[in-house]
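Each structure below is given as structure tokens.
Two complexes, one shared chain (chain A), two partners (chain B, chain C).
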Partner chain A sequence: MEKMKLTLLYSDLKSDIDIIEKELETALNSSSHLINDASLHLLQAGGKRIRPVFVLMSAKFGQYNIDQIKNIAVPLELIHMASLVHDDVIDDSDLRRGRHTVKAQWNNRVAMYTGDFIFARALEYVTSIDNVKVHQILAKTMVEICNGEVIQIEDKFRNNQNLKDYFRRIKRKTALLIESSCELGAVVGGLDVKNVRRLKRFGYFVGMSYQIVDDILDFTATDKELGKPAGSDLLQGNITLPILLLKDHPTILRFVEKASKGSVSESDRMEMLKVVRNSDAIKKAIALSNQYLRKALKEVDALPNHPMKKKLRDVALFIGKRKF
Partner chain B sequence: MEKMKLTLLYSDLKSDIDIIEKELETALNSSSHLINDASLHLLQAGGKRIRPVFVLMSAKFGQYNIDQIKNIAVPLELIHMASLVHDDVIDDSDLRRGRHTVKAQWNNRVAMYTGDFIFARALEYVTSIDNVKVHQILAKTMVEICNGEVIQIEDKFRNNQNLKDYFRRIKRKTALLIESSCELGAVVGGLDVKNVRRLKRFGYFVGMSYQIVDDILDFTATDKELGKPAGSDLLQGNITLPILLLKDHPTILRFVEKASKGSVSESDRMEMLKVVRNSDAIKKAIALSNQYLRKALKEVDALPNHPMKKKLRDVALFIGKRKF
Partner chain C sequence: MDATYIQQSIEQLKTNIFMHVRHRTLIQHTGSPVLDENQLFYLLLPFLNGEKWDEQIFESAITVGIVHASLNEHDKISEKNATSKEQQLTVLSGDYYSGRYYEILAHSGNISLIRQLSEGIVSRCEHQIKQYEASQYTINEWYQVISVIQTELIKRFYQVYEYEQYGSFMHTGLLLLQLQKELQLHQSGTTSNLFAKMQDSVLGEEGSIELIIQKEIDSLKSLLNENIRTSTILKDDLKLYIQHQVALNEKVTRER
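Presenting the complex of A and B:
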């Protein structure tokens, strides 16, 4: 359902997104049956393809050539996919979007080299681009994403963390890759420095808002909507915004303590969800997400007139306001 | 001992290699204690630093500037280190050079993200280089190394493989990164196309010879020299050149069968080692390694006159003829 609505928003780009979807299939083809199976599994799980869409939309403001721009849109989605596969190892996650993760369906080892393979394929695509700036932006982003992996591990179950720690984490986990998608679309589209910077900042703000909403939904959506048990983030030790906004609550403290020992019962989970859902932390978190969203929309306003401006706004509002 | 002799060969480059060693230490510094511990563990395990040495030697034929060239020498060694960490997960190796591997000392998960972190750091170094060709060569090499990971998994315990499969595997496992070290040293040193190609080919041939010798030593050296049990490759299902040269031997067939089920006894291992060591497969494998070595030396001959020519020859001969 969510995907359907987004597809409507993307309608102008439909045929180009189909091209990218086909390229992703090709990119994930390897000589190994095992990797093909794992990759097919990932492709079938789908996804909103938000990163490629932002690449295309940003490039539309300049010289748009799908045969060129796909070489940056495809690797950005591949990097995203690879990082999810490795993240599931780090978080020990068995489910994602209602499907078994690669590490659950096979094991950590298969997840490791499937992720490596996809990362490498991403790099391969980028080699066709003859602009050193593109390589530099992408490499820096990859470094920060890996740093993010590390920070996420360090911060697990850590009680003495603050909002700054959280924002630092979601920046690396989500915002940077969306920022780079917009920036690289703009760079490859040949936009001037000012507008590249605007789109880059737009991507960053949208990315922050996007991840905050994701972290809220992990508590407020149903297990079915999430495709995994609600509250999974906290179960895995990831202290997200709603928790930081009420972290001194005794039920939450007790829950984190139990989760760190892996001794959470189903009724513990229900109790924790009830506390979070009935608190004002959710409302406060939504307000913070909206702040980022407003900043994103301000960047759009500053862009030159173009039919894409409305689309950028619509997509930003959609992913910043989504209900699951 | 081996390292000491090599250090003598490198004597002209000693101070520059020290700079690179220091840079490696800096590069492996992260905000995570766990990653720092794992990285320190890797640094202390040492290594011959052959890839940086080949970068420096190749660059010496052109404009040599250590502050510039280190930005390609360091990432090449980092890529090598990262791939070892992930390889140990794939091969389920507990020992390397007499020390516990990261995956043995910690676990597969830690090995995965330590490797990711080191890969990312490598990319970060490369961003400082303002030459798109360098990025393209490196990305292609990384893709092929990851493909190699996959091929190595597919070929494990596979009986119906031939010499071509083996050479394809060691090309990706070893030769390509040494080839790229020489090529990138030459490119960054500003050599002309012809000499870049010569050094590239030199690196490829040396790399092939190097890996063949490594695969021979896995059977002929002692456990102590290897820092792990002799015959480990075959135990892990990696069918290397000596085995391919006598693969229809009943003892070997039986051993591979048992190894694939994980039911090899110590006396099985001893028996297998005896068969390999007393066969003419070792001699034939050495002859093949020497063929590559000769091709490598021919490339050196074609290079312009330079004091480094003798050094290149010496290092190639050293690593192609080493006894353990």
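Presenting the complex of A and C:
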């Protein structure tokens, strides 16, 4: 339902999104039956495709040519997909979007090779662009995302972290790839430096809001909506914003302690969810997300007049207000 | 040029690879990148033989080593359980090294090598994953899998810099050395997944898997020796080094 609403928001881009979807299928085509099966499994799981959408929307402010723009939109989605496949190994996740993960359906090694295959396909695809700057931005993003994940593992179950640690982490984990999607769309679209920078900042602010909302939904949405048990982040030791805002709560402290030993029961999880849902931490986290959204909208205002301005605003607002 | 010089060149390349992927947390938890000296030797073979070699080519060789290191990290991931911090960070080591090779080549604008290496990785993954497919493969197809895993990225490097004349030495040498290694591991009681697959592929055939692989090793050895004997491009020191590499590997195998 939510995905449908989002699709409606960028209905103007539908034909181009369809091209991207087709290209994703082509890019994932392999001589290996197993990689084909795993990739098809990933494609069928769907996804909001927000990274390609941001690439296309940003490029619209310049010289828009889908045959060129797709060469950066497709790799960005592939990089996102590949990192999810590897993340599921790291998090030992069996479910994503209600479907079995590659590592659960097959095994960790299959997930590693499938992820490596997709990463490589992304780079193979992007080499049709000979603008070195594009490669430098994308490469830096990939390295930084990895650094963010290393920090996330280092920070697991660490109680003495602060908001700065959290924002630094989500910047690399999520905001960077959305920031780069907007920046790269703008660069490939040939925008001037000022507007490239505006769209880059827009992507960063939207990305931060997106991750905060994601972290809120992990507690407020139902297991069914999430396609995995609510509170999974904390179960895995990831101290996200709602928890940081009430981390001295005895129930939460107890839960983190138990989770670090792998001894959480279903009633512990329910009790933790009740505490988080009934606290003001959710409200405070939403307020922080909205601050980022406001900053994102300010960047949109500064962009040259174009029908895409409204779309950018609408998609940003949707992302910041989505229910799951 | 003697064996010491060759060894020093390999060590220097190794040091450079380590320097380019240095990451405090990753080293602390997962150790230094794993590199195969035989592969590094073949990466350097054109240089050691006096071919045109500049800073850009040396940097390219470093990135090929980094890609090997990246994929080697992912080979360390357990099939069933990768929940320990060390395993989690090993996944990320591989991804980090992969990002670094791209970053280095993007910085110098070497897009043609990025393309070649990504195509090489695609092919390597497609072959590596065959171990987990339900399909049955013949022993020769498994040799092909090992060959692609060992040689594909170096082959791509040779293509970009027009060193293809070294391809047959590299191809035969690395396949031979890896088969010796696989056999040696099996005889010492640690059978790799790939070896087990080779074993399955000859079930019901005459002769044990050890004999079949030994026969292939002998045949590759004859081929390599013949290539070396008739080669007009390889320096004598390098011919000796390659033969010594194989003999040394064999000696280790026999001693076990």
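Everything that follows uses one rule, which is that the second predicted complex is superposed on the first by the 324 of 324 C-alpha atoms of A that agree within 3 Å, B and C clash if a C-alpha of one lies under 4 Å from a C-alpha of the other, contacts with A are read in each partner's own complex, and residues count from 1 in each chain.
As a working rule, contacts are C-beta pairs under 8 Å (C-beta built on N, C-alpha and C of every residue); 3 or more make two chains touch, one makes a residue touch a chain.
Everything numeric in this text was worked out from a predicted model, so none of it was measured.
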item: Room on chain A for both chain B and chain C (clash or fit); value: clash
item: Partner chain in contact with A:302 - chain B first, chain C second, else both or neither; value: neither
item: Partner chain in contact with A:106 - chain B first, chain C second, else both or neither; value: second
item: Touching partner for A:287 - first (chain B), second (chain C), both, neither; value: neither
item: Which of chain B and chain C A:31 touches, first, second, both or neither; value: both
item: Touching partner for A:86 - first (chain B), second (chain C), both, neither; value: both
item: A:123 touches, of chain B and chain C: first, second, both or neither?; value: both
item: Touching both chain B and chain C, residues of chain A; value: 30-35, 86, 89-90, 108-109, 112-113, 116-117, 119-121, 123-124, 127, 130, 132, 135-136, 139-140, 142-143, 145-147, 149-150, 153-154
item: Of all residues in chain A, those that touch chain C in their complex; value: 30-35, 83, 86, 89-90, 92, 106-110, 112-114, 116-117, 119-121, 123-124, 127, 130, 132, 135-136, 138-140, 142-143, 145-147, 149-150, 153-154
item: Of all residues in chain B, those that touch chain A in their complex; value: 30-35, 86, 89-90, 108-109, 111-113, 115-117, 119-121, 123-124, 126-127, 130-132, 135-136, 139-140, 142-143, 145-147, 149-151, 153-154
item: Residues of chain C defined as touching chain A within the complex; value: 23, 25-26, 70-71, 74, 77-83, 85, 88-89, 91-92, 94-96, 98-100, 102-103, 105-107, 109, 111-112, 114-115, 117-119, 121-122, 125-126, 128-133, 135
